[in-house]
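Order of writing sets the chain letters: A, B, C and D. Residues in each chain are counted from 1.
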Amino acid sequence: MSAEGSDLGYSKSELMIAASARLLGGVSNCFVGVGLPNIVCNLAQRTVAPELQLVYESGVFGARPERLPLSIGDPTLATGSTAVTSMFELFAFYLQAGLIDVAFLGGAQIDRFGNLNTTVIGDYEHPKVRLPGSGGACEIAIHARQILVIMRQARRSFVDRLDFRTSPGHSGDPAHDVARGWHGSGPTSVVTDLATYGFEGSTGEMTLRTLHPGVSIDDVRASMGWEPSIAGDLGETPAPSGTELRLIREELDPGGVYTT
Amino acid sequence: MSKVTTMRDAVGELVRDGDTVAIEGFTHLICFAAGHEIIRQRRRDLTLARMTPDVVYDQMIGAGVASKMIFSWMGNPGVGNLHAARRRIERADPEPLELEEYSHFGMVCRYMAGAANLPFFPIRSYYESDIPRVNPKIVPMTSPYGDGEQVYVVPPLEPDVAIVHAQRADADGDTQIWGLMGCQKEVAFAAHKVIVVVEEVVEESVIRRDPNRTVIPGAVVDAVVEEPFGCHPSFAQGYYDRDNRFYLEWDRIAKEQETLDAWLDEWVYGLANHGEYVEKFGDAYWDALRPGPAPSGEVDYGRYS
Amino acid sequence: MSAEGSDLGYSKSELMIAASARLLGGVSNCFVGVGLPNIVCNLAQRTVAPELQLVYESGVFGARPERLPLSIGDPTLATGSTAVTSMFELFAFYLQAGLIDVAFLGGAQIDRFGNLNTTVIGDYEHPKVRLPGSGGACEIAIHARQILVIMRQARRSFVDRLDFRTSPGHSGDPAHDVARGWHGSGPTSVVTDLATYGFEGSTGEMTLRTLHPGVSIDDVRASMGWEPSIAGDLGETPAPSGTELRLIREELDPGGVYTT
Amino acid sequence: MSKVTTMRDAVGELVRDGDTVAIEGFTHLICFAAGHEIIRQRRRDLTLARMTPDVVYDQMIGAGVASKMIFSWMGNPGVGNLHAARRRIERADPEPLELEEYSHFGMVCRYMAGAANLPFFPIRSYYESDIPRVNPKIVPMTSPYGDGEQVYVVPPLEPDVAIVHAQRADADGDTQIWGLMGCQKEVAFAAHKVIVVVEEVVEESVIRRDPNRTVIPGAVVDAVVEEPFGCHPSFAQGYYDRDNRFYLEWDRIAKEQETLDAWLDEWVYGLANHGEYVEKFGDAYWDALRPGPAPSGEVDYGRYS
């Protein structure tokens, strides 16, 4: 996530981190990604979810990183953790078995139902842009009890139609979603640099929940590929508290790598 | 938060009449202390699951707590038969014992399927054997790849309660085992409730020093019980040896229900808990079972700060 | 195996052990059982198969027991071994993957094709004698490249028809045996207290190969439930050598637990 | 007997043009030294299998050794793209690169099926995803138990050669790993030939002191190569840190084939072996990557004699 200033006394990234961390209240464990999600989880541990256990896709449980991890496989994650396991056990015994409460996903494209594309832009056989691919995202989307999406928002990323569906979200038919019988209830929230969204139970569609301070509905409309549904009680995203900002700046990312 | 409790409370709260209970352990780390507490609390109608039902299951079966057994090999290892179990199977004396049997690999894969939330697990076994004929849950199937490969599948086994003995765990249940692993990990992940019984409850820092040695994470553990010598007469690698004398003695004790009942009165019903069992043998007895030292050596995880 | 003396300067058990050990020449690894097979493997290691790796069903590789193991799960097996693995890996990655060269099996009943019964005597639902069951024997019989059978011989154990087939041997139709495509070629030798047997390639049938010293064909006939096929070059089982006897008595079973 | 050899001989004897080669490692224990030797020996038409193709595969692809990739996530972790791979995929520049892709769990289970000699492995993934649409090897099936449970199956993956880096092994190839495990064990058992590359070849007695730490048995290992810092710029837990500077630098180097070729000339073709690579950086460089100590502590296996 690129660095950017702000005249509100906090950066957009800091706002996204604080807004995301508050979504983890009471959660017992979380599949952590690198970058923002890592800081989000660590902030939640220190604020709304003191019992939160950090699980890394690399097979680490109860990590106590002594430094900001540079990747989900940083050696600082294994040292001093409570358990390190094989990839098979991680995916079979933990994820597929339904032990993971929350996971963060992102992507190059998302549609109104929270389906995600991390595979290709353009045609699969002749891609305009070849993206990394699924990694664990496809099974994470299916098995993690809740999916939180953190993404920058733009017309090319919030699209009416995905070029490729890597990870399934809601189907658009809530009855079908229930019938699937997955552990996962799919994406529950999306946090962008402009706003936060929920998903409507009756349609499974992404719904604008709060606008970040200084952002208008037209700003949001201008940066997505469909006409967004808007919550009746549309509000403003609360600014990060002094405590949240202090934790982010002094403890979690003193170098400002991800947050300035 | 701490999950440390007593065996009485762990069994009292987590094991119910009619449950499927697995006290696993492949000759190693067999939690006799838990079996005795289940007898003491007079649970009934249990289905006992285990790869290798041996003396502790013969004691439980002789005490009348079980109505069914799911297994792959039953016997008194290195000694002979399980007399109490055989009386019930061969003569319904005093009542029948239902059996559901597999091979070792089949049992392991049932736990694997349970642990991994799979509807079935494929294995290459049972070909031209009579076992599938007497167990309809072992089903043949052909590979979906049209290569004509034949396998058998077994269904997931998810015990209501798994009781796993280990050398050590922290208060949250992060559990470490060395020596024979059996299927302690698989049964713990497969079960709905897990009781971990250990020789020692240790500080979390001891576990965190060697995270690769953690076999079962606290996340799947419901209760932690510290019960030194809780495996006797089986063994805990590095802590005490198998007490072969007792395995031989059990062959005599179990031959008649009367001698078996007398043994239960003296060693189970007559004692309040495993602590009294340990006291009754006396320190000299336990000292004789202690092995010499064989340290593992250390590895360095490196501090990355 | 019960103790019994002999006027030949060695016991029947010692003869069985020596005869079995010689079958392991050049073998690289072996699935070890308790009792006789354990002594057989250790004798072979010191004589015909110095490179022989002992693999225990309990998940131990390269064991260096400091005492005679009382069971395949004796703690002396794990201490000082090169690897200890889970039961799943043992059966899936080693046995099912075809890494095991030789395994020893026995049973309450064997038929002329080397099929074994370790489950019940009598009807399965109403057994006269309930036996231990398969354990790993069913998959071992299928996947170990060679099966060696060591059994006491008697009419009730060498039967024309098994009460229950726990572990498959030869089918009686060699073409079918090949078509099965198993790693295992099934039972290759049977060593009893009276004689040794091979299996004829053309029929897959157990064939009398050597008689132990002092044993007659009639003794053998009298202790099996079918008319045995007899090798054209029927010979006498060589007596244990002085070295073999010394190793057995001084190193492998000084207490004479299994061999006197 | 000893299997210890040089990287040149191990690659020279075991890796052939057209082989499927897996240099595994999930951010940890990625054997760059082996990748460089394969480039140096100018192997061609390789199929490169790995869950997470990263910089070493971008180097190999940029050097023209590979015609196909089997994978689940490709990228420069924490940095961005694999430019050489993308040139070939997006613009067939200088030639096409065939792709066969899965999710992480699918790749792991392909290795599992290969290691366990299973014709397929069932997983609960790929539902309502486009991945099976572009990969016909991912096939849906219904549970044989008539419970209507739907799974997908993946086929076994048995690389011709697996190259696994580890902290230590003995001369016979008994290999021990701590820290992130990735699927080092599964790929070693799945492969037809296995090269183990270690930071240190140790006495067998070191391995025997802690047999539960053995991840790969010598029985499946064909060659053992001692190559200190053989994972650089990735890391070996407890030995050295990830060299993030190089991951960032590679982003610049790989952007143009010219700079990539120049890098290969200087750091691969221009050096006889990994020893010269290590020398070229100099001791001070390596010292800076060394972590502080974080000892595991010891456990006691007990001496039973």
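Some observations on this one:
By definition in this document, a residue touches a chain if its C-beta (ideal position, glycine included) is under 8 Å from a C-beta of that chain, and two chains touch if they have at least 3 such contacts.
Remember, predicted model here, so these are calculated numbers, not experimental data.
Path length between chain A and chain C in the chain contact graph, taken as the least number of steps between touching chains: 2. Of all chains, the one whose CA centroid is most distant from that of chain D is C.
Of the two chain pairs shown, A-B and A-D, the one joined by more C-beta contacts is A-D.
With centres taken as mean Cα positions, chain B sits 41 Å from chain A. Mean C-alpha positions place chain B and chain D at a centre distance of 37 Å. Averaging C-alpha coordinates per chain places the centre of chain B 29 Å away from that of chain C.
Multi-chain contact residues of chain B (touching two or more other chains): 117-118, 123-124, 178-179, 181, 185, 209, 212, 237, 241, 291, 294, 301-305. For chain C, the set of residues touching two or more other chains reads 60, 74-75, 78-80, 84, 92, 96. Pairs of chains meeting the touch criterion are A-B, A-D, B-C, B-D, C-D.
The part of chain B that touches chain D in the complex is made up of residues 117-124, 139, 141, 143-145, 147, 149, 151, 153, 155, 167, 176-179, 181, 206, 209-210, 212-213, 237-239, 241, 290-305. Taken in their complex, chain C has these residues touching chain D: 29, 53, 60-62, 64, 66-67, 74-76, 78-84, 89, 92-94, 96-99. Residue ranges on chain D touching chain C, taken from their complex, read 115-118, 170, 172, 174, 185, 189, 204, 207-209, 211-212, 214, 217-220, 301-305. Taken together, the chain D residues at the contact with chain A in this complex read 26-28, 51-52, 71-75, 77-78, 85-86, 89-90, 101-105, 108-109, 112, 123-131, 134, 178-183, 185-186, 235, 237, 241-242, 244, 291, 294. Taken together, the chain C residues at the contact with chain B in this complex read 34-35, 57-60, 70-75, 78-80, 84-88, 91-92, 95-96, 119, 124, 127-130, 132-139, 142-143, 164-168, 171, 180, 182.
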